[in-house]
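In what follows, chain A forms one complex with chain B and a second complex with chain C.
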Partner chain A sequence: MTNDSDTLIRVEDVRTHFFLDEGVVKAVDGVSFDLARGATLGVVGESGCGKSVLARTIIRIVPRPGRTIDGAIWYHRPSEGGGERPIDLASLEADGAEIRDIRGGEITMIFQEPMVSFSPVHTIGDQIVEAVTLHRNATREEARAIAVDTLRRVGIPNAESRIDEYPFRLSGGMRQRAMIAMALSSNPTLLMADEPTTALDVTTQAQILELMADLQEEFGMAMMLISHNLGVVAQTTERIIVMYLGKVVESADVRTLFRDPKHPYTQELLKSVPKLRRRRQTERLAAIYGSVPSPYERPAGCPFHPRCPQFMAGECDVIEPTLKAVSEGHSVSCLLYSEETDS
Partner chain B sequence: MSADSSQTILEVDGLKVYFPIISGLMRKVRGQVRAVDGVSFDLRVGETLALVGESGCGKTTTGRAILQAVQPTGGRITFMTREGDRVSTISAARDVQSIIRQEIQLIFQDPFASLNPRMTIFDIVADPLMANRLSRGRELEERVTEMLRLVGLSPDYMRRYPHAFSGGQRQRIGIARALIMNPRLLIADEPVSALDVSVQSQILNLMQDLQEQLDLTYLFISHDLSVVQYISHRVAVMYVGKIVEIAPTDDIFSAPKHPYTQALLSSVPIPDPEVRTRGGALEGEVADPANPPSGCYFHPRCPMAEEICRETEPPFAEVSPGHFSRCHFYADLDLPGVPE
Partner chain C sequence: MIQFLAKRLAIYVPMLALMSIVSFGIIEAPPGDYLDDYVALLKASGEYDEGDAQRLERRYGLDSPFYVRYWKWVSGVVRWDLGDSLEFRRPVNELVNDRLAMTVVLGVFTVVFTWTMAIPIGIISAVKQYSFIDYAFTFLSYLGVGTPNFLLALVLMWTAFSVFGVSITGLFSDEYIDAPWSLGKIWDMFTHMWVPMLILGTDGTARLTRILRANLLDELGKPYVETARSKGLSEWRLILKYPVRIALNPFVSTAGWTLPTLFSGSLIVAQVMSLPTVGPLLLKALQSQDMYMAGSIVLILTALTLVGTLLSDIVLGFMDPRIRMGA
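Let's turn to the complex of A and B:
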C-alpha cells in the first residue's frame, strides 16, 4: 500500500459517459485507483471495457460526445518549491492553461499506432523539439540537443541524422521508439502507454517492452500500461486493475492477480489465454461463454453475470457489486466475496 | 488426430512470388521484392499446418498464391481434388479451376472488414452458392440454416445485418460462408488476431471441432505462437520469403533447430509474472526482401552467426524425419525452446 506522500494520482469514482443518439455509453463508470510515484500499473480488459477512455479521461482528451460527468482525479503536482500540490484534473477546463501545461509535459501518452500519432508532414525532430520547448524552459538549440539525446537513449541508431527524417521513413519499431522518445523528452512524472506494442511484431515487441522497462527504471516516472495482452502486463507492471464494461472488477499486485485471481472474469480470462508450452496441449481451450455485451444493453446487477460460471440467480442480476478488499491490496467487485467482508 | 500421412492434399514446390519495384517516368523496373522465395511444403488431409513469421515474411502471400489471388513468379502448386485428380492450380483448365475454387476456401482476419455491411447474414453465407448458381430457393435456405447451426449461430438471425453481431459472431459467419461450398482445404489468415481473448478460444475450439467433423485441412497463417501451438500439427517458420524451419509442433516448441525460431519463442511475453521473458530480444530488424543480405538472410541478427553465414546460403537440411532447418549449424544447435 502506498502512503499519502507517495501518491501521484488518485482516481476517485470517475465516470466518463458518451451521449449518443442510440443511448448513453458508460465507457468509464465509477473507477477508482491509486498510482504511486514511480510505480507501474497495468490496465487490462477486452475491447469496450473502457481502458483507453480511462487514460484519455486522466489527461482530458475524451473525444465528443464523451464527457467526464463525475468523480475526481487528484494529481499530486510537484510544485517549484519542492513540495507538491494536489489538483483535481477532472475539474480543470479541458483546454485550459493548466491541463495543457500538464498534458504532454508532466503526463505523456503513447498510442498503439505510431504512424497515426505522428504528424506525417513534420520531421520527428521538429515534433519532439516542439514538445520540449513547450514544456521545458529550453531554447530551440537546447531542445534539439535534448531530442537527439532522448532518441539515442531509446536506441535509435545515428540519432543526429535520423532526427531530421519524416515518420514514414522509419520502420514500425523505430517509429514507436521515436514516439517513446517524444513522450520522455519532457521528463514526465507519468507515462501512459495505450497498447504500445500491439501493432508490432513479436521480436520488436520484446525490444520495446525491454526498452520501456529500462527507461522506467532510469527516468523513475510512473507508468500506466494499457493492454489486452496478459503476457505484456505480467512482464512489465507491478499492479494490475482488470476492467469489464467500464468498471474495475479486480485490483491486485501482479503476482497475486496471476496466482490467486478472485473475480470469475479474471479467472476465466486467465484460463482462456493459450499458453506457450513445450508440448502441444490436447485438451480444449477454456472459453468464456458468450461475448462482451453491446454497450447499449448493459446487464443489470453485475455486468458480467450473463457470462459468469458462478452466477447466482436473484442476486447477481439484481445487486450491483462494489469493489471490496479481500486482503491487503487486493480488491474484488463480486457478490461471492461481499458477505465475508460485510460481516 | 486424423492426419493421414499417406494422403496429400496440397504440394507447394519451389513457390516464388516476386513483386516488381517500378519507379520513374518511364516506369522502369528497378528491382524486385522477393515476397516468397522458394517455398516448398506439403499438406496432408485432415492436418493443420501453421505458417508463422513476422510481418513481411511472405506468409500471407503464400496463402494468396495458393488461392490464386496472386500470380506466382515460379514454382508449382499441386492440388488433389476430391475425385482424386492431381491438378496444377496455376495451369489448370477453366472447369478444373472452378473445382479448385470450391474446394479451397479462405477465412479472413478482420470480421469487421470482410462482411459486406449492406448484405444480410443470409445473403453473405449464401453468396458463394448463388454466385456459382449451385442452389436456390428452399434448398438454399436449408443449406444456409445448416451452415449457421454448424458454426454455432441461431438461424433466426439470418435476416439481420453484420452490424448486429459481435466480433466472434462475425467470424463464425465468415466461417459459415467458407464452409457452404463444402471445401476440403481452408486457408485461415490470422483468423483470431482481431478477436478478444475470451472469444478467440471459442473460435479456435470451433475450428478444431469442424476439422474433426468435416475432415478439413487447414493452412493456418498466424504471427501468434501460442495460438499456433494449440491448433496445429506442424509448424513452418518463415523469414524474409523463405521457410527457415518446418517440424511437428512439439519439435518446434521443445527442440527448435533454427536460431530465428528460438528468438520468436523467447520473444513471446509469458502471462506469468514469475517467469521472466526478458533477455530474449533480438537485435536489429527484419531484413528488406527487396535487398536481402548475403548468405543466410538471418545472419545480421543472429547471435550465432559466423563467417560462413555471411557468405553461403544454408541448405534446407533434414534434422530428423519431418524436421527441416535452414541453418548451417543445425546439427550442433542445442536451443532450449520454450522454458520448462
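Let's turn to the complex of A and C:
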C-alpha cells in the first residue's frame, strides 16, 4: 500500500465467492485496481463476469451466501483535519457503524433497475431525505432543501412538487434521474453506477450518460461505471478494466484499449461495439464465439481459452496467466504476452 | 382515497343487500310456515287472541307476497327489531345483544393477540431464515395449524381442571353470570377472556406467521431493499421501514376475512367452552328451526364481516399509495 495522495481506492486481490449447494461460484476472484480521486473507471465484461458483485464487494453489501474471503480494499478516507486515513473496507464489519457511514455517504451506488429500485410505498422525497439526514448534519427542512436542489440539478422539472411524488408516477428516465440525485445528495467521493442505463430506451440512455458525465465533472467525485457495453463505458470514462469470469483480463486507458487491445477477449468485445461512422449499417455486429461457461465449471488454465481464437494448445489450457504490464498503465493477463514481460 | 372508498362501497352495499335476501331465504326455507307454527304454539298455550293475530300480520305481513314480507323484515332489522324467537318467545334482539357484544370483544381481542404474536415471529423467521429459531417457529406453527381448536380447548380445560382445580369454561365467574354490568363484571370477563383468546388465536397466529414469513422473504430480495442498504441504513432499521411495511399489505387486506373464520371457528370452541357468544345461539336456532333468530344472526355476522373488510380497506389505502391512487 502506498501513500500516493492521489489514490482514492486501491483494490488488492479481492475475492468474493458464493457458497452454494451446487458448488462455489467464484464471482470475483483476485481483482486488483486503483482509482484516483476524481477519476473515472469503466468496468466491462459479459453478463455473469462479476461486475455487479465487485461493486457490492466494495461497499460490503454482497448478499448471502456470498462472502468476501480474501483481499483488501484500501479506501483513503478524508478525515476532518483535511488529511486522509486509509481504511481496509474488506476488514470492516458488514453492518457496522463505520462502513455504514461510508456506504451511502462517501461511496454511493446507482442500480440497474430504476423501476424497482425505489420503495413503491414511500415518496421519492422521503427516500432521498432519508439518505441526506443519515450522512449530513442537516435538519429535515435542510435535508429537503438539499433534496430539491439535487433533483433540480439532475434535470427533473418542478422538483419542488415532484419530490412528493411516489415512484410509480415517474417515467423510467425520471426515476433514474431521481436515483442519481439520491446518490449525489450526500456529496460522495465515489459514485458507482451498475448498468445505469440498461433498462432505459436509447434516447434516454444517451441523456442519462451525458448527465452523469457532466455531474461527475461538476461534483468532482470519482466514478465507476459498470456496463457490458464497451461503447457506453468509452464515452464516459478515462480508464477501463475488462473482466472475464471474476478476473481482470486487461486494464488500460480508453484510447490505448481501443487502439491497441491486447487480450483476445478485449479484441472480440471491441468487434461487437457498434461504430457510429460505419457506412453499411446493415453489417452485423460480431458476437463472441461461444458463451460464458457455467460458473461451476471454470476452465483450467486461462478461463477464456475455450472461446479464444488464438488458443495455444498445451499452454492456455494448462497455465493460468496473471495480470502483467505491457506498457505504462496497460496490463493484460494473457500467455501471448508473457515472454515480453518476463524477459 | 375518497374515490377508492366510494368504489369499495359500491361493491359492499349491493353485497350486503344480496346477503340480506339470502338470510331471508334462510328464514323462509324450512317447510311449513314458521309463523303458522308460532301461531299454533301461542294458541295451544292459550295466550293467543285477535290482537296478537293483527299484530303479527302487521309485523310480518303473513299473507302478503315475498317481497313485502322481506321488506318488513329488513326494515325491522335496520331499526334493530329482529323479529321474535320461536324458541324463547322473546324478541331476538333481547337475546342477541349481550352475546353479540361479547362476540365482537372476543373477536377483536383474538385479532389483536394474533397480530401481536404473528408479526414479530414472522419477521424474525424470515430475517433469520433457516436458523434454529426459524425452524423452532416453523415447527410450532405446524403444530398450531394442525391442532383443531376444540381439541386445544379440551386439553386446556382438562389441564386447568385437573392440575389447578379451576374451571375455565365460560367468560364469567358464577357470581357474575346473571349479575348486571359493573366494573367488577368487566374485570371478571377480562380475566376469563385470555383462555378462549389463546385457543381461538393459535390457529390464526400460526397461519399468519407462515404468510408473513413468505411475503417478507419475497420482499427481502427486491432491489429497493438493496437500495436502502446501499444508503447506509442499519439492517433492522431498513428491514422494518421498507420490506416489512410492504409485506404487511396483503396481511392487512385479509384481516377483514379473518372475522368470519373466527366466528365459524369459535362456534365449536364456544360450544365446548360454553362461551356466551352468538355461535352457540346460532347453532341452537338452526337445530330448533328458530328461523328469525338464525336469519338475523347470519345477516349480522355478514354485516360485521363487511364492516371489517371496509376497515381493512381503509387501513390498506393509507398504507399503500398505489391502491389509494388507483395505480
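In this section, the second predicted complex is superposed on the first by the 326 of 343 C-alpha atoms of A that agree within 3 Å, B and C clash if a C-alpha of one lies under 4 Å from a C-alpha of the other, contacts with A are read in each partner's own complex, and residues count from 1 in each chain.
By our rule, a contact is a pair of C-beta atoms (placed from the backbone, for glycine too) under 8 Å apart; a residue touches a chain by one contact, two chains touch by 3 or more.
Please read all numbers here as calculations on a predicted model, not as lab measurements.
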Partner touching more residues of chain A, whether chain B or chain C: B
First (chain B), second (chain C), both or neither touched by A:Phe168: second
Partner chain in contact with A:Met109 - chain B first, chain C second, else both or neither: second
Which superposed partner A:Ala313 touches (first chain B, second chain C, both, neither): neither
Which of chain B and chain C A:Ser117 touches, first, second, both or neither: second
Which superposed partner A:Val232 touches (first chain B, second chain C, both, neither): first
Touched partner set for A:His135, first chain B, second chain C, both or neither: second
For the chain A and chain C complex, residues of the former touching the latter: 59, 61, 63, 95, 100-105, 108-109, 111, 113, 116-122, 127, 130-131, 134-135, 166, 168-169, 179, 182
List of chain A residues in touch with chain B within their complex: 46-47, 171-174, 201-207, 209-210, 213, 228-232, 234-236, 254-255, 258, 268-270, 272-281, 284-288, 291-292, 294
Residue ranges of chain B touching chain A (in the complex, touch as defined): 54-55, 166-169, 196-202, 204-205, 208, 223, 225-227, 229-230, 249-250, 253-254, 263-274, 276-278, 280-282, 285-286, 337-338, 340
Of all residues in chain C, those that touch chain A in their complex: 222-224, 226-235, 242, 245-246, 249, 319-322, 325, 327
